[in-house]
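Residue numbering begins at 1 within each chain, and the chains themselves are lettered A, B and C in the order written.
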Amino acid sequence: MGEIVLKGVTKSFGAVSVIPPLDLTIANGEFVVFVGPSGCGKSTLLRLIAGLEDVSSGVIEIDGKDATAIPPAHRGLAMVFQSYALYPHMTVRNNIAFPLKMARLDKATIDRKVEAAAGVLNLTPYLDRRPGQLSGGQRQRVAIGRAIVREPAAFLFDEPLSNLDAALRVNMRIEISELHSSLATTMIYVTHDQVEAMTMADKIVVLNAGRIEQVGSPLELYSRPRNRFVAGFIGSPRMNFIDGTAAGEDGAATIGVRPEHLALSTTGGRWCGTVTVSEHLGSDTFVYVQADGVGTLVARAGGEFPVHHGDRVWLTPQPGKLHRFDAEGMAIAGTGQDRAGAAAAVGASNPRGSE
Amino acid sequence: MATAHSRAAARLTMAPAVVLLLGWMLIPLSMTLYFSFQRYNLLMPGDEAWIGFLNYEYFLTDPAFFAALWNTLLLVGGVLVITIAGGTALALLLDQPFWGRGVVRLLVIAPFFVMPTVSALVWKNMFMNPVNGLFASLAKGLGLPPVDFLAQIPLASIIVIVAWQWLPFATLILLTALQSLDSERLEAAEMDGAGPLDRFIHIILPHLARAMTVVTLIQTIFLLSVFAEILVTTNGGPGTATTNITFLVYAQSLLQFDVGGGSAGGIVAVILANLVAIFLMRMIGRNLDI
Amino acid sequence: MARAVSTRRKLVVTVVAWTVGLLIFFPILWTALTSFKTEAEAIASPPSFLAFDWTLANYAEVQSRSDYFRHFLNSVIISVGSTLIGLLVAVPAAWSMAFVPGRRTKDVLMWMLSTKMLPPVGVLIPIYLLFRDAGLLDSRIGLVIVLTLINLPIIVWMLFTYFREIPAEILEAARMDGADFKSEILHVLLPMAVPGIASTLLLNVILAWNEAFWTLNLSASQSAPLTAFIAGYSSPEGLFYAKLSAASTMAVAPILILGWFSQKQLVRGLTFGAVK
């Protein structure tokens, strides 16, 4: 069990409001990622759920029970901290056993559970070492081990991978995903890295300035962002935004199109521009184009797309992949496919005509 | 950043320390304040009466008070000058690489751990005694007349004793500060053509300024209350030559049993110490970021 | 990068530094040496440095004449007792200041420090009278109380600066792991703070051991610690150098050794964290 419901939760530090009234339901067994830029209140939200901070108002329910006033120790949640927060004076074994000792379990049970957790996390050879003698990834695993032995209603992860190097981060990402598959326990994961959010989450909660901008599955957020903020935050490289007359052609204040949805052509298309930089990554090529009257656009091309600084190219958004936003930055229903298609057709015919 | 629960715990856990110190400060201090307005002598029980500022008038117009004030200033100032100048020199010396640094460091800090009564007696008898003291032997060896330090230059002698005790403190703090100086800054100055003296004046001294201020303030707090060294060497004499404020108040209250007069002196001492304390607290408070 | 220093320069510095170090240490060394001399050799002129008949007679005589061990015991009880009680009161207070700081925390810390700056003579008379009426004059309990109170601000401050270096996340982790307040302090905070607590304890034992205003004014014979024991040699016994030296050596040696062990923490403790 591990259903968590937030009803009208707010948090303010003194006069500063960090989280305006917020409602959220996290279903049992879900992997939910809170993502947003730093300072968006995602860690505070996690600490509110953990009970490490008091809510200023509102109710937090865990498994249908009002947990708002329950101290962290008794909420049945486990947390993995950014710094791992291992107890440096205890061996790995005692670190993992600590929550069980606090729960006053008998020694045999504790030993069994610790051994089991260590087995799952490949920590068995390190049980008698201290955290100081472990690598970053191993410490991370100990922190996870300490969380799983409690068999909590939900796991809370506070940017757990941010102290690891890039390669290790990918490994741990996969391990945590696998852990979620095998335990099927609710997990709430906080990160500022949208790649982590996209790859791990069942459900992503995008936060900005304490507000929920959008909740949805990764692909939902990717293909149907509710507003400009979400559109810009999810996806890498980020979506191109175009204001002004070019957007007006599509009946929007702003239009957005992802780099991977911009077709590049050396012969013709909707927008024409000059290549400033092309980044050849092998698998992909990212082309930065200073488009006439539109601004800088980034397009993703195939691995061996032969353009260089100073070349003239044409860019055309793929049909149905154009996002339209109104003056407030909210998405306008419909993808603008018809108009975009029509406009693209017009745009495509013009340069050709001028040749 | 915490919960109401932990804040409540915080108040509860802080309470004993706060209550104890509050009691320690308020109860006796208000009693002292009250006594200072009373005619109150332990030898004349039943004669207590409210006399307003008379005790203060007596205390502040007593020539002994001015002597004591002057002696206090000389004692504090003299010790500060010796320990800070000597401490800086020692810190610079100990910061150099040499063989046996750890051992020399231990030798230099040792006097700090010697209790005041011991250092006062050892200096008084074994070094400054005009007949059998080591200095007398030394003078005799050089064909000079021996000096009766504590009779002829009593205050200077006490300054030397106290400075010997506090030199390690100043040295240790200045050395710590010196070791936190980024050596690249010195090398940059050297590249800019600064000689050793320039480097000392323009780089090292400014870097040590903060530590020197801390040393000055903390030592001042302790030096204002020098007592044992005076008690076992000169007992404040000859005359009032080595009586500082602390000793004067002690003599007035516990030797002459004049509680009222002693209390007035105590309040004066508190006010004087507070003048220094305010500066010290500002210094420390500025470095305290919570 | 430390620069390579020429051997010649290092040799010169070595000689100078050792000379200065030995000069500063000399009074202590001389006292220790004199304690092994006979009274006649102690005042011999010119004095002999090492070439004398070493004797332990002074130590035996000091013990039998003025009962060193009783005073030593008093010193131990008073300094260790006041430090332990101080720690008991200060650990919870420092915990809350370091881990649950509020708007007033800084003010409370500064105020505690300010009590340390109260000159003892300002409260000498009331304390003397209160102690007289409570029968605490010349009692070990009375001295433990006073020394606990005068060193409490230092203990709180030192613990505070050490606790602050422990990441709050670890204590939060303990809370998430189901630790109650007592377990959080006993199983997580204290074991991690052992080095800091040890140096706090050491420094405060030293300060209490050497405290000479209250111990001299509030003790007579029963509770007198070593500070008062030595003051008794003021005169005329002070002229018996060998015995004075033996008594002094015995009063200083235990704490000097402790002090040497705690020297690294000394700066931080005595400057309330202003210099590290």
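The rule is simple: a contact is a pair of C-beta atoms (placed from the backbone, for glycine too) under 8 Å apart; a residue touches a chain by one contact, two chains touch by 3 or more.
Model, not experiment: these values are computed from the prediction.
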Whose Cα centre is nearest the centre of all Cα atoms in view? C
Where are there more C-beta contacts: B-C or A-B? B-C
Can you compute the centre-to-centre distance for chain A and chain C, using the mean CA position of each chain? Integer Å is fine. 56
Please work out the Cα centroid separation of chain B and chain C, and write it as a whole number of Å. 16
Using CA atom averages as chain centres, what separation in Å is found between chain A and chain B? 60
Going through chain B residue by residue, note those that touch at least 2 other chains and give them in order. 2
Residues of chain C whose C-beta touches two or more other chains: none
Where chain A touches two or more other chains at once, the residues are 52, 71
Could you list, by residue number, the parts of chain B that touch chain A in their complex? 1-5
Considering only the defined contacts, which chain C positions touch chain A in the complex? 167, 169-170, 172-180, 183, 187-188, 191-192, 194
Touching residues (chain side chain A, partner chain B) in the complex: 13, 51-54, 71
Could you pull out which chain A residues touch chain C in their complex? 50, 52, 71-74, 77-79, 81-83, 85-90, 98-99, 102-103, 146, 150
Chain C-facing residues of chain B, complex: 2, 6-7, 9-11, 13-14, 16-18, 20-21, 24-25, 27-29, 31-32, 35, 90, 93-94, 96-101, 103-119, 121-127, 129, 132, 134, 136-137, 140-141, 164, 167-169, 172-173, 176-177, 180, 183, 210-211, 214, 218, 221, 224-225, 227-228, 231-232, 245-246, 249-250, 253-254, 259, 262-263, 265-267, 269-270, 272-274, 276-277, 280-281, 283-285, 287-288, 290
